[in-house]
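Scroll down for the structure; my scribbles are underneath it.
Order as written gives the chain letters A, B and C; numbering starts at 1 within each chain.
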Amino acid sequence: MSPSMLLQLLVSGLASSFVLLLTSLGLVIILGYMKVVNLAHTEMLMSGAFICYYVYQAAGLPFIVALLVAFAVSFLFGALVERLIICHFYGKMSETLLATYALSILLKQAALLLLGKNYKKVDYPVKTVFQWGPVYLESYKLVVAGLAILSLLLTLLFIYKTKTGRMIRAAMQNRSMTESLGINTKKIDTITFAYGMGLAGLAGAIIAPLSTVTYTLGESWLTNTFMNVVMGGVSSLFGTFASSVLIQESVSVISGLSNSVTAQIIVLLVVIVVVRLKPDGLFTAKERR
Amino acid sequence: MPLLTKVRQLPVNRWIDLALFLFLLTFPIWQNTYWVYIMSGIMAYMIFALSLDLLWGYTGLMSMGHSVLFGAGGYMIGIASAWANQADWIKFDQLPWFLAILSQPLGAFLAALFLPGLIALFIGLFMFSGKIRGVFFSLITLALAGISELFVINQSRYTHGDSGITVTSRTLFSNSDSQRLTDQQFYFVVLAFLLGSYLLCLWLVNTRTGKVLQGIRENESRLTYLGYKPAAFKLFIFMLSGMMAGLAGMLFVRVQGSINHSAIGINLATLVLVWVAVGGRGNLTGALIGTLLLQFSETKLNSVFSGISADFAQYWKLVLGLLLLLIVFVIPKGLIGVLLEQQQSRQGRDRKAAIMRKEVHSHDANP
Amino acid sequence: MTPTHKPADKAEAAPVLLETRGLSVSFNGFQALSDISLSIRQGELRVIIGPNGAGKTTFMDLITGKAKPTAGQVLFEGQDITGKSAAEIARRYKIGRKFQGPNVFDNMTVAENIELAVAGYEGLTQSLFFRASARFRHRVTEILEQIELADYRSFMATDLSHGQRQWLEIGMVFAQDPKLIILDEPTSGMTADETRKTGDMIKKLKGEHTILVVEHDMDFVRQVADYVTVFNLGKRLVEGTLEAVQQDPEVQAVYLKEAD
């Protein structure tokens, strides 16, 4: 492998890292702060991508509007789901897995039956391609990276700097204590779950131009996002960031040596080994504060 | 009298099991070949569901990737058959050393049984020696199903990639095209294996080992303070369950006459969870009945509705999702679980009443 | 000494069964136990008392292999068992433990709970081909009678009252036939009547078995104890007969402070 090719692989690997980070953020919030395994997460990605298609591509509204609509709709849907379904199964692992899996089937089949099997293509909102010497990068991937970092920062701000965020953390650490302080933990749960789902929808909308938008978009992310979150340490946002980079850079470089599927298989297997050796996640060093 | 009480005390689901096997035994008599063929496939799936029930229902290990073991068994038959009949996509002159056993008589049968056992052994050794339990076990097994699906698609040299393998032989051991049992004959082969698997499970769950497995489900850490090493038991049941899943995969492929990546991937892995969840876990009957009900309904409804809508399979999945949600909400113990619960609470009331009578009596006797 | 102290006197002569030397442990910098040295003789019934958070449960965790000490040793029958696994300590060294708060197999019957606890069949193959002998069944019934649950043998553990669940776990420890019985707050959550019955159960074992019990309920302590060790703030405060300990000004101070 030539150095310039390696450089290209590293750059596109880094770009994919931000995509993986973005698609995992909502999951890590819900898993980390609520201990809920949300198997419907990736179907929310798919829904967000569809929203982006209809608002931006079909209706021709500005891209940013599509993102906001995707976040808002997913947030509201998440709140509804938490109130109607999730709240009944806290602490029951099998039931939560089954219920969120049922939800994921419903979302996927609804998308298929209502919106059809056809692939939908979403245009890049920005179309330039940068070139530095031998290295190419679509400018939209830079936008995605920026949006991923922005989402991460806003999430950190939300969790660490707002009153609601403080309550979310308090509820995670000691539920009964938080309740005894007169805080409505039910409402906190709803907000946390809704926020996680909102992030998933937003991520789906952001990655829509990079993907073929169809009802199977969600399941193609299932393994990657979950393994990413598990490796990063389920409640660590920075851990998720770090493991996103690690995973996608490895996939990118290894696929340069063989092919992308083999690379995926190898990296996922390595991730499982890592999880076995460090069950609490690879990056569980204390977050700030 | 004691025998009579024993029979009366028998859990209701054992009667259902009896009725089910009588039904299956007579099924080919009053049904046509098509339904005999369909039911053979369902029975193979029932073995698969039983294997998951041992793991999930009894031991509390919710594998979300059990299809890996089912598919591993199935692919052994697929590859063996493709090789024996020199399918046109085969581009190699010699089976590689790790598949060489498939060219031997009996080899495919043994491989389909023991390769899944071996895979389960590896996965189990790896996971149970560490701290991987609970939801992490589920997520990692789920990931393994995803990875396996990628893997078989990628290894198209041996698996024929996306298209999968057609298996034209239908005998237990031979892979040659020329030998073929009729649908009826093979039905009874599958039924025999189902009955054998069922009896094995029934025996196992009532042994002390079975109780230890339930102890793991109920309170794993408590067991260690009684001197048990749960990891060994988990490994054992994972291997046994894996071999049963492999058996199911092998039989299913023989019935269906083909295998592709969907038999090893997340779809089937979650489908079997739904069967067991709907029927009810941890009592064997639920796994059998859940599979039978759902798979039978799917086929039946498909034959009714396929003329009306080409998308029947998709609507069916929607129904499945709704049903699963409903079950988790209304009867999380599943259909058979509810029956058992009713019987238990009736027996519980009787016992309490008996204790009350006894106390009143002893109070009367020595005031 | 008064005649009531006779059993304790006899125990003086018996060999030491359990000994801890300078046992200490800290969790993330918090010193939960420091320098606990203590020895218990064969056939002794020792009660550990102390306010909440004194480290009593942590002490039992170190003995039974649930936690590993940062310093010190646990010797059992003269053998070093420090840091051995929980299963090995239970199986090979025969130390049985009842946890604080009932810790049983909820969705299994009372009899199944006891049967699982009967020692000697913990291996995989042993348990696979195990058949209950008449003696085994007799032993299970005997234990069920001991813990007053004979009529409840087919009940699910989860359907028992809190006190009965406590008894069930005590029965599980008896079924292990351990050389050392460890009971962590066996009467917590029990009615006065149940507490007294529990005291009787334990007193019946006195002399034949070595028992280490943590308790809060003073009536219960009075009922069973000869010799008491007081823990406070992770340290061993004093040790002696119940009367002597109750007279101790330091102990009084600790308990007075708790009463505030």
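Everything below uses one rule, namely that a contact is a pair of C-beta atoms (placed from the backbone, for glycine too) under 8 Å apart; a residue touches a chain by one contact, two chains touch by 3 or more.
All figures in this text were calculated on a predicted structure; none of them were measured in a lab.
Student: Looking at which chains touch, is this a line, ring, star, complete or other?
Tutor: It is a line, because the chains touch in a row without closing up.
Student: Which chain's centre, taken as the mean of its Cα atoms, is farthest from the centre of subunit B?
Tutor: It is C whose centre lies farthest from that of subunit B.
Student: Point out which chain occupies the most central position, where each centre is the mean of Cα atoms.
Tutor: It is chain B that sits nearest the middle.
Student: For subunit A and subunit C, what's the span in angstrom between their mean Cα positions?
Tutor: 49
Student: Could you put a whole-Å number on the gap between the CA centroids of subunit B and subunit C?
Tutor: 43
Student: Can you give the whole-Å distance between the Cα centres of subunit A and subunit B?
Tutor: Chain centroid spacing, subunit A to subunit B, equals 33 Å.
Student: Sort out for me which residues of subunit B touch subunit C in the complex.
Tutor: Contact set of subunit B toward subunit C: 207-209, 211-212, 214-215, 217-219, 222-229, 232-233, 236, 344, 347-348, 351, 354-355, 358.
Student: Which positions of subunit A touch subunit B when the two form their complex?
Tutor: 37, 85, 88-89, 92-95, 97-99, 101-106, 108-110, 112-113, 219, 222-223, 226-227, 230, 259, 261-262, 264-265, 268-269, 271-273, 275-277, 279
Student: For the complex, give me every residue of subunit C touching subunit B.
Tutor: 64, 66, 85-87, 90-92, 96-97, 99, 103-108, 112, 115-117, 119, 121-122, 124, 126-130, 151-152, 154-156, 159, 172, 176
Student: Taking the complex as given, what residues does subunit B use to touch subunit A?
Tutor: Against subunit A, subunit B makes touches at 56, 62, 64, 126-127, 130-132, 134-136, 138-140, 142-144, 146-147, 150-151, 153-154, 266, 270, 273-274, 277, 311, 314-315, 317-318, 320-322, 324-325, 327-329, 332.
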